[in-house]
Amino acid sequence: MSDTRAASPTFADVTRDVVRTLEPPGNLYFAWMCVVALMLAGGIGAWTGQIWWGMGMAGKRVPQMWAMYITSFVFWIGIGHAGTLISAILYLFRARWRTSIYRAAEAMTIFAVMTAGLFPLIHAGRMWFAYYLLPYPNQRLLWPNFRSPLVWDVFAISTYLTISTVFFIVGLVPDIAALRDVSTGWRRRIYAMLALGWEGSDSQWRHYRRAYGLLASLATPLVLSVHSVVSWDFAMALVPGWHSTLFAPFFVDGAIFSGFAMVLILVLPMRHFFRLHAYIQEKHLDAMGKLILVTGLVLTYFYVCEVFTSLYSGDEIEKASLFWKVTKNYAWALWLMYFCNCVSPLILFWGKARTSPVVLYVVSILVLIGMWFERFNIIVPSLGHDFYPYTWGIYYPSPTDTMIVIGSFAWFFLLFLGFIKVMPSLSVVEVKETLPPPIKDRSHGGHR
Amino acid sequence: MGAKAGVGALALVLLAVLVFLAVSSWSRQPAVAKPSSQPINFPHSVHVQTYRIDCQYCHSDARRSEYAGLPSVERCMGCHKIAGAALPEVKKVADYYARSEPIPWVRVNKLPEFTYFPHKAHIRANVKCQTCHGPVETMTTFGAETGPRLTNDLLNLVGLRPAPPPLTMGWCVDCHRRQNATAGMHAPLDCVTCHH
Amino acid sequence: MMNRRDFFRVVAASGATAAVTGCQRTAENILPLVVPNEHIVPGVAAWFATVCRECPAGCGVIARNREGRVVKLEGNPDHPVNQGALCARGQAALQGLYHPDRFAGPRLRDGAALKPVNWDAAQKVVADKIAALRSAGKGSAIALVTQLETGSLGAFLDTWTRALGTRPRLSFEPFGYEANRAANRITFGRDAIPYYAFEDARVVVSFGADFLETWLSNVNYARAFAHMHTFRDGRAGTYLHIEPRQSLTASNADEWVRNAPGSEGPLALAILKVMVDEGLADRRFGEAVARIDVKKVAADSGVPVETITRVARAFADGKPSLAIGGGMAVTGSNATQTLVAVNLLNAAAGNVGKTVRFGPDSAFGRVTPYAETARLVQAMARGEVEVLVLGSGVNPAYTLPGGLKFADAAKRVGLVVSFANQPDETTALAHVVLPDTHWLESWGDYSPREGVAGLMQPTMAPARDARPMGDTLLALGRAVLGSEAGKGPLPWATFEQYLKAAWEPSVKGAWASALRLGGVWKETAPVAVTARVAPVDPAPPTFEGTADGLALLAYPSFRFYDGRGASRAWLQEAPDTMTQAVWDPWVEIAAETAAKLGIARGDVVRVTSPHGAIELPAYVSPTLHPQAVAVPIGHRYAPYHIPRYVTAPLGPRNPVALLGPAAEGASGGPAYLGVRVTLAKTGARHPLAILQATHDQEGRELAQHVDLRAAREQALRGRQDHEAHTSMYPDPRYPGYRWGMAIDVDACIGCQACVVACQAENNVPVVGRAQAAYGRQLQWIRIERWAEGKPDRPTNLFLPMLCQHCEVAPCEPVCPVFAAYRTEEGLNGQVYNRCVGTRYCGNNCPYHVRRFNWFQYEFPAPLDVQLNPDVTVRQLGVMEKCTMCLQRIIAGKDHARDERRAVKDGDILTACQQTCPTRAITFGNLKDEQSAVVKFAHSPRAYHVLEEIGTRPSITYLQKVVREHA
Amino acid sequence: MAATADTVVGVFAHVDTTVRALEELRSKGYHDLAVYTPVPVHEIEEVLERDRPVSRVRLFTLIGGLTGTASGFLLTIWSAMQWGLTTGGKPVVSIPPFVVIAFELTILFGGLATVIGMAVLGRLPRLRPSPSFDPRFTNDRFGIAVHCAPGRSDSVREILRTAGAEEVRA
């Protein structure tokens, strides 16, 4: 820490630097916004068409009654996990390097869950009756089936979204107060409202810190449970390639893996364009690189386990499913996934790669591709070659599926791009906390 | 995303719920009969109350069919050749009969099309017509306040359990459960009995 | 009698459940009947018996009428021909009745178009022309061609032709079995087609006769075949089939013998020779086969001597056995000689009078031979015919061989009058169309064989403006003759009156009961015949076309017959069982040929004969004889199919167009096997819409079989019960009934009747070619074909697959809203209005029998009128699947409750079970130990599909019994 | 915080000076004080925590969480028994799947209760800022607001200034 101390910014610098990120954006930003908005419009158009004409607009069929929507759903839920991991689990572990990235990661979580949450709606044949899944008293005296993993999903994801949002808002309150106090005009008025009158008094801090810790300890089991529940959508089913007890840890690990990749994808450009090198330092990149490497290795272990259990089980149908995936129509997707998820992170064993933004960026993109295809490989090929040879078939994405999936990325980035211009994407308070507090007289007590 | 946005989102969700409920209620609601909407102003009260005609004398299919049925024009004329032949509304019946045309009655009671309701089984179980159709004997114009209602759905939504309106699913189910519990009946409660 | 007209005119729209579930708030009118009808209660079905006229087999049907519209057809259980069963074509007749393309009223040609006119105007055109010809003394320039009409209509039409002095009427049927008649004339001295008593035979040898598809009377023979062949209590008959192509019928054989095209005759003689040589047949038959060299026959036909010997021994051993011949493979230039040889086989084995019964002769014996039709066409081409009247049901422009050039000939006819009620290739040539009523709307009678006289009555009012052909001809005739009703040679006011008058002597006042029964049947005395033994010429058939070409086997599709079924979308979408292809026609090319020409499945291939060329996608078949190419007849589309369900075909695709005009000399029959064709890849591709991904079970034992010997042993000793499934949960209890089903794979012949019946009963929409090809078909039941053994000689197992109504159903717990759940009576319920459409259940169903409404499917008017009011029409976005005909269960329970008793076996028949010609499907109460379904469930052959997953299905399958040598 | 009381606010730039002022104030018996900091500072907390109980937010969390568990099981079991529908041959009341619901509700209710607890105990949201608040306190300055009897404000000012306050105001 000693090397950083010399150049370390002051409290006022932090506030100033954060406020700087909220300055009116340049043309590049608007160009990006336009691209993203256009893609989103395409997705919305496709969805409208799908609602109007029916689910057949998407490429689904028998046997792949689920395909790219659920793939993307799981993908986005997974992305969300890194945010909570950084903000809650690393908080509990007192990993101080998290502070400069956790706000962005948390925002990413919420936006990823908001994106993921759209997919069950997009996916439902009669999305206008999707509210049947909610337990609410009604004239028909009907309730949802709590034995269905989909209802678990409803609970897990709505809880996850709620808790993440609450956690995020709680973390934002002191920051917004800081912004409020350095801004003017309408911005000030809005921030004043959002800051809930935060003043940073000792009694506020006292309850705040306790509450924050408790939320973090609630969010930790929650985040583990959410992807486990999502994995049970598959593991609870009979389909060969799905029916596996391995899925919960497998999914959680993959989620964190992909989530970190997404954090890097968001943070690296932010660091570059907002010139946040002083806060997002090489050691932060290094730490994230290590995490990607470790989760990638764990994932590789799970892949090996999956193949092993398939072969060792002696279940001919499982084996047939595996051989089909590895060798037939979707083999390219499987091998692409193995390359992206198992091979490409290995470069991070090399220390310099872990601090090179370019390498990290490329690896992150590969990991995201790999992780999207991991879910694709779980869903589409498994269904395509299951118990019943009569219905075996190949799924072809239609323009509708494709545009909606692309639109989901656009939706996510739109939210994130909007966020970084209206909210502090760097935690003012927590960054300040990591700095050495201003001390007048070093000889006189103060810092330990 | 602060409190304001949260309130906004909540409002949006609530609005969506309202729209859904409104649409779903609206789509299942039967037409409400007004005196003017029926081709002939037929007073059930006179027939049932004054002349004590059994429901099944006219709605004779109820005991053997899914539908209660309407009396044929010939059956109307069976009495009205003489009875009340001079009344203007009865003359309309005679006109239809003379032209060999059916009377285009307007439907009052209607269940959603995914619901199978056999009159026959209910008649066999001695359910009175009035149980479902209301006090027909008092009605000069047959009308019914039935089907899902928005207010009812909303009260349910906030956890109050108002009595379900007639000819809604909750109402059917309540009655079936009550009959089974109190009258020792075997009213089916299997979903597919009515929805297939 | 009831006043039928009034009753049908006033339809009581009683808020049927059949209507798209959706927004509807417009005030709805309900109409009472003006005059009540004692037969009709709105909401209660009335049944009317009539006769199916989709093909000349003449099965009895009963039509289910709800509120004045027919919603379902079933086989008439009292009718001796089909005994309650109905084939896919019969089931789909409703789509002809409610055909969206049906003419509403007469049409008059105006340039290229047929313009609507009123009846008087249209009839006047025809009457004037006929009158003019008559006054010019040119009665012979008037020709009347109808389909086979055996009863009163036929007699009436002949009266009409005589009264007007026209040419004699032609009874035109594309498949007329002329060669069979000629052979019977030669061998037995009887110009008739006998009744083949499959049910009494122990061994059946078929020389190309597709008796389970179209041959003579397929439902009748399928029923009888099942009786003879299905394994019951250790007994099962043997069935051997000889044909170059593995047809659906062939695939049901215990042994399918593949021969070179046209070699059936020599083979039959070789078999007879072996029988004579081995002393298995009377020596006097030696005379017929004196010149036969078995080894040479074996070499020419490609059938080994051992096989010939084996077939001969099995056949002789049958006692009684039955040899039949026919089908399109036996229509070549040696067809009559081949069938004479088959006749001799029957005679030699002593089957005549036992399994070959003259007396109850088939109506097919009255078909005008093709040669005469050909002569008429030639006369037309010479301009000798000025008025051509075509009855409904005939489509010569499509069904006559291309070499005959019917269309060109028709263009030389001054006035072509058609009674067709929907547009086809022939109405495209017609000048006047006077639409006949559909047979479900008509009075009439039909006698499919001696002793069986089926009565036809209108089962509903005409769905479109149409008049019975008899009535129109009466009006025309009287207009021409200038006579009045009640006088002259045509005194009847209507054809109905004629019919009743004709029937009066035979029913003697019992008209109503005959109508109710569906006809009058009596035992027909057998006619004894003796076989004339004479040498048979074993010459191979002659072919037109290049010598290096391949023999074209143009065979009737079991779904479309001669093409008349093809306008029914249900039939288009019920796959051809062997290829599992829907909608598209194809050319079946032997794997060897395909390899040589580099043709893969889906490559568009040009098939060229001396008479024309057609282009079709290829289906590469490992089973077809390498010297043959096979194309199904009858694949055509109705106008409303395009572009709704398919894209318009680019060129001609009718194999009949490739055939030569010549008739076979001895019989005057058409030669469906008479040209050699050449194949050429066009370079285009048109992937076939094939529903089944693979015919290889990959060892999953979905369709199981057992060896006959093992089956017999098990039948004697019973099979050891395999271990009961253990469960952590208590066994479910059923307070009332528990419904279940048993399906005998040994009985299933893959005829698709159940598929179409289910579609009709349960309002299953048609999805179209592209959707079906992409795994989005909606049928609740499907017939899978699984091939085992050698690829070129597979044993085919037909597995009807529908919702298994599992006790431990994987689909149920994953549904978030209880739309899928287990009912109290052991069914797997699906509540459409609760379904959100997550499709989780569809993924988790290991059988993939759940169907999803990918779109809002339409029922083009007036097909929507056919919808079963007892079954919800499903909305876009919901899952659906087999309900085991829940509406029938409810009706059955209701009926039993009326009689204050429990439901007993046979009270409830599911639609698939009801129509099954082989009674492969049994439905019943699994809690009733006496029920048939429980007996099957306890059979040693019983198994469950994918039993190892532990879903505990309510449907038990019985293994197919295969023969050792197969 | 009586209306009659005086409030003296000292603005500090450094943590050590703030701590020094706090120690001094406490030793002089001024306990009614509020400290404003841009970040939570351990040193300041240490001084203040000496005579304060642990935040009661955790009680909210516990109650919320238990409510969630109970309502999760109640909802699932009660609603399953409403119709008693069997799916997949499993018992109507299947506890293992219901645990998932109960768990999620535990977290949900616990988390929401925590936030409510924080808001209630931390007196949030505040509609208008307290008079002693200064915008700089959320940026880089530390503030001590001392509530004292009207007459003693001068001595408080003195203490604050001595400790190193940049600015002292009433």
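Odds and ends about this structure:
Per-chain numbering from 1; labels A, B, C and D assigned in written order.
Note that in this section a residue touches a chain if its C-beta (ideal position, glycine included) is under 8 Å from a C-beta of that chain, and two chains touch if they have at least 3 such contacts.
Keep in mind the model is a prediction, meaning the values are calculated, not measured.
A count of C-beta contacts for the chain pairs C-D and A-B puts A-B on top. Distance from per-chain Cα centroids to the pooled protein Cα centroid is smallest for C.
Distance between chain A and chain C, defined via averaged C-alpha coordinates, is recorded as 59 Å. Taking the mean of the C-alpha atoms as each chain's centre, chain C and chain D sit 82 Å apart. The distance from the centre of chain A to the centre of chain B, with each centre set as the mean of the Cα atoms, comes to 52 Å. Along chain A, residues 129, 141-145, 147, 151, 196 each make contact with two or more other chains. Of all residues in chain C, those that touch two or more other chains are 810, 813, 815, 818, 821, 834.
The multi-chain contact residues of chain B, meaning those touching 2 or more other chains, are 3, 23, 191.
Across the complex, chain A is touched by residues 1-4, 6, 17, 20, 23, 148, 152-153, 156-157, 159-161, 164-165, 168-170, 173-174 of chain B. The residues of chain D lying in touch with chain C in their complex are 83, 85-91.
Those residues of chain B that touch chain C in the shared complex are 23, 26-27, 29, 31, 37, 61, 64-67, 69-75, 96-97, 100-107, 110-116, 118-121, 124, 188, 190-193, 195-196. Interface of chain A with chain D (complex): residues 10-12, 15, 135, 141-147, 151-152, 155-156, 158-159, 162-163, 166-167, 170, 173-174, 177-178, 180-182, 196-211, 214-215, 218-219, 221-222, 225, 229, 232, 428-430, 432-433, 437-441, 444-447. By the touch criterion given at the top, residues 13-17, 19-20, 34-41, 43-45, 48-49, 52, 54-55, 57-58, 61, 65, 75-76, 79-80, 82-83, 85, 87-88, 90, 94, 97-98, 100-101, 103-105, 107-108, 110-112, 114-115, 117-119, 121-130, 133, 135-140, 164 of chain D touch chain A in their complex.
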